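Just dropping this structure here.
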Amino acid sequence: MMGKEKPAFWRTAISKVEPNKILVRGYDLAALLGEYSLGEIVHLVWQGELPTVEMGKLVEAMLVASCEHGLSAPSTDATRLVASCGVPLESAVAAGICALGDLHGGAIERCGKVLVDGVKTIREEGKGVQEVADMITNRHKEKKERLVGYGHPTHTDDPRTRKILQMAEEVGVSKIHVRLAKAIEATTERYYGKTLILNIDGAIAAVSMDMGFDWRVGKGFFIVGRAVGLVAHALEQMSNEGPYKSANWQEVEYLGTPPRDVPRRASKDNIV
Amino acid sequence: MMGKEKPAFWRTAISKVEPNKILVRGYDLAALLGEYSLGEIVHLVWQGELPTVEMGKLVEAMLVASCEHGLSAPSTDATRLVASCGVPLESAVAAGICALGDLHGGAIERCGKVLVDGVKTIREEGKGVQEVADMITNRHKEKKERLVGYGHPTHTDDPRTRKILQMAEEVGVSKIHVRLAKAIEATTERYYGKTLILNIDGAIAAVSMDMGFDWRVGKGFFIVGRAVGLVAHALEQMSNEGPYKSANWQEVEYLGTPPRDVPRRASKDNIV
Amino acid sequence: MMGKEKPAFWRTAISKVEPNKILVRGYDLAALLGEYSLGEIVHLVWQGELPTVEMGKLVEAMLVASCEHGLSAPSTDATRLVASCGVPLESAVAAGICALGDLHGGAIERCGKVLVDGVKTIREEGKGVQEVADMITNRHKEKKERLVGYGHPTHTDDPRTRKILQMAEEVGVSKIHVRLAKAIEATTERYYGKTLILNIDGAIAAVSMDMGFDWRVGKGFFIVGRAVGLVAHALEQMSNEGPYKSANWQEVEYLGTPPRDVPRRASKDNIV
Amino acid sequence: MMGKEKPAFWRTAISKVEPNKILVRGYDLAALLGEYSLGEIVHLVWQGELPTVEMGKLVEAMLVASCEHGLSAPSTDATRLVASCGVPLESAVAAGICALGDLHGGAIERCGKVLVDGVKTIREEGKGVQEVADMITNRHKEKKERLVGYGHPTHTDDPRTRKILQMAEEVGVSKIHVRLAKAIEATTERYYGKTLILNIDGAIAAVSMDMGFDWRVGKGFFIVGRAVGLVAHALEQMSNEGPYKSANWQEVEYLGTPPRDVPRRASKDNIV
């Protein structure tokens, strides 16, 4: 489309937009409407192809699993604080999405990377799944790095995880990344004195790797799913709860320098 | 749960989180997984109840309709620019979501409000749909306000709109808000000299009002749906395209003051 | 610079960037370094000209007044929540800036607009300052609209306001917008049964209007000033306080539907 | 302040807010107004103490140096795109701040860390500055890592850098971190075949490390300074330029799958 002298500013393989026509990964968007669910479209947009029916079910489940975790999630608290300040809905949701970092949903990416590297080791070096699982847990323990995708501040047995893994098993999606993820879980008691359960981030990481997703898109499942809950919390805050929500000054512990006088400046240095 | 002296800092009717249990609108989240699609969960989380099968189909279609519009959308351009700067995925998506304002997806809310007010007039004052449609277009024309939900910078006949309205008709969801929205469209040629088509924002507004959604949640469909496309564009930019994407200095037109000398300050006033 | 057929994608009067040369409003940025303070540069960049020494002092004071308000500000709480999630510094600050809406810093813009319109009435209709002040308070009271720029959730006599107004008086910047702002404050006891003090947003609005700033840039003082505090809070949270900060599940009051069973779907409708 | 059973939700050493009193690092904020510039307050808020006059000058210069770089910066482009969408000022600025990642301002942090580690090696292992500079450049070259803080996409001799370093020299702030930064620059021609100039990020990193700032706050200078430019660009876009700014569909190069038919689903699997 562009002349040779100057490449187009933007290039994309995701979609092609023309007047009255929107192609998504080659398909007419209008023709996808009503035929495919958003979960199936996630597979199409992120991987380039529509999923099988079973794969689509799993994507849908991973999105639903991520949709809401109440105020016990920094993203929700942030969204509601911002929503109390007289801003449009999307600002409040954007602030919540900023919170979906390495420690909040982001474990999907990092755990996915650990699993991908682990599976590479299994395949290239002919090691066993349990052996590699041991190597991984041992390495994290020694480097004092957090074993991402394992353990949860609220749940000791995450009901979302069990269901996702069971579904993946049933529809035949569960393969070597899931096996490795479970094998790592099995090692944790030995290394940490208690079982660190595979949490929802870890389960989504393992299953989505077995489905062929890029590990770097892992947080995406969480972002799209959790956006549903953040929208609801923003609206609830705006509609039913008070404005300008913040910590009461009496409840903040001050750890700083005691009161002191502002030094007067010599007049020549004074900025005013 | 809270004592009488001091109310809880947060209150919500959306979900209840306890160790190993997440209730969403009263339902066990783990039991919803695999049974309901994200579109149906959107209805549950935003309205409080699961939809009928037909309603669920429509929500799904509204989300899919919003999922992607290529670089011909400021949110996508913003996401890709930010994605080129060495940031995590969620930052790039959050920047794009900040763009979903009144002129980009936000028409859903504003058009929804116009329709809700119009339907109120129809019901309370016994006016006809066409009469109220005329009043609305006339009022916008006179006040020189943009008729939100109508017209599109790229499309003259939006294929997404037609499909959504057709689906709403088929499953019996299309009611008075949709009738009013179409009646307004029919008046535009008379007032503006050309037909301003009901665009995708307007169609989602009309259908979602007929489904009982709060007009203030309108942008939510767009936010959740478009998040799918934004994630893909962020990943594509990070993976395949160059870093630090910005306008080339040679392509920016400068309209400002010609070059001039910085005035020296009298030394006593100098800040340094 | 651009041919006639196609205008440049971007046009700006703010700066001109070329290799090894950055002009800001016509001045060489490198020559401004060390000569002018950031507050003076704010005046240059937003208004197009360098301020007088006195004006510069006032801008500096308005920025410093906005720099920090502890956890008793939704923006700070939001920044710290996000900072606890394993994100880069700028993400946490961006989330806090999203909170600087109409109810949090945004009053500068809205109060500025009220004052500009009021002064227009004074000038065009020959009315007195006190008369217009009465009209404004009365109109807000009758329409049940919040009198923006007046009252504060924490302070009954805002020390920042007094200092800013005193400085503006001393350097001769205080003119009709400040007079009108004070006149409005004087009417509040009569209308609301208690004095609603001119708060820091209102003071910045009044003074910056007297200095010739566009009312729409009002929030800008707050954004730039508060960014200083938000950076510090983000860093403190990341360095000294725990990760994944959120409300404890036991402290959230649940107002929603009691637990109920998930309805099984007829198999033909089942998405899975 | 809090009982022993339960620690306060928030703890901070930055400020203490009470009715009618705001202490910042122990000083009454109202008493700081008019006495100290925002740059000096940056030093106070981020380091805990007011700077000397000379240190304050340098902070001011580092903020001014960061204030604006036109459209040749992804953050500005992102801010203007978002500003064109009918959003409040702060949303547009927040989107721009999201762009200040590792490749855009973020080099301050990363370069600061490299210098801090380098100085530690000099001190602990008794090595010379030039020797450690060589080690650093060599290590980056071998690992094919970008030498952050060096080189610039637009400038071959950054005028801001020269001025900052000259000022640091004059006021006696320039010490071992600056020496090491310059020594690294001197090695680049040998390793890369051309000199990679110390850019503005690198200069701020070196000088702020010599001033005792935490390397993790490095991006903060850029965030606060650049906020000034972003506010101006948001306002200019909203005031003078058109709405809904995005790439024209004709200028986007499509690299994806050619048009294809949407596969019909067997009715039993159909979601609709």
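Per-chain numbering from 1; labels A, B, C and D assigned in written order.
Basically, a contact is a pair of C-beta atoms (placed from the backbone, for glycine too) under 8 Å apart; a residue touches a chain by one contact, two chains touch by 3 or more.
As the structure is a prediction and not an experimental result, all values here were calculated from the model.
**Student:** So which chains are sitting against chain C and chain D at once?
**Tutor:** A chain counts here if it touches both chain C and chain D, which gives A, B.
**Student:** Averaging only over C-alpha atoms, locate the centres of chain A and chain C and give their separation in whole Å.
**Tutor:** 32
**Student:** With chain centres taken as the means of their Cα atoms, state the distance from chain A to chain B in Å.
**Tutor:** Centres of chain A and chain B (C-alpha means) sit 22 Å apart.
**Student:** Would you kindly tell me how far, in whole Å, the mean C-alpha position of chain D lies from that of chain A?
**Tutor:** Taking the mean C-alpha position of each chain, the two centres sit 25 Å apart.
**Student:** Which positions in chain D touch two or more other chains at once?
**Tutor:** 10-19, 28, 32, 34, 36-37, 57, 60-61, 70-72, 77, 87-88, 90-91, 94-95, 98-102, 106, 154, 167, 247, 249, 252, 271-272
**Student:** Which label fits the chain touch graph of this model best, line, ring, star, complete or other?
**Tutor:** complete
**Student:** So in the complex, which bits of chain B are touching chain C?
**Tutor:** 1-2, 7-19, 23, 25-28, 31-32, 34-37, 40, 48, 50, 53, 87-88, 90-91, 94-95, 98, 247, 249-265, 269-272
**Student:** Please name which positions on chain C make contact with chain A in the complex.
**Tutor:** Chain C reaches chain A through residues 37, 57, 60-61, 70-78, 81-82, 84-87, 91-92, 94-96, 98-104, 106, 153-154, 167, 243-249, 252, 271-272.
**Student:** If you look only at chain B, which of its residues touch chain A in the complex?
**Tutor:** So the residues of chain B touching chain A come out as 10-22, 24, 28-30, 32-34, 36-39, 41-42, 45-46, 57, 60-61, 63-65, 67-72, 77, 80, 88-91, 93-95, 97-102, 105-106, 109, 154-160, 162-164, 167, 214, 216-217, 219-220, 223-225, 227-229, 231-233, 235-236, 238-239, 241, 268, 271.
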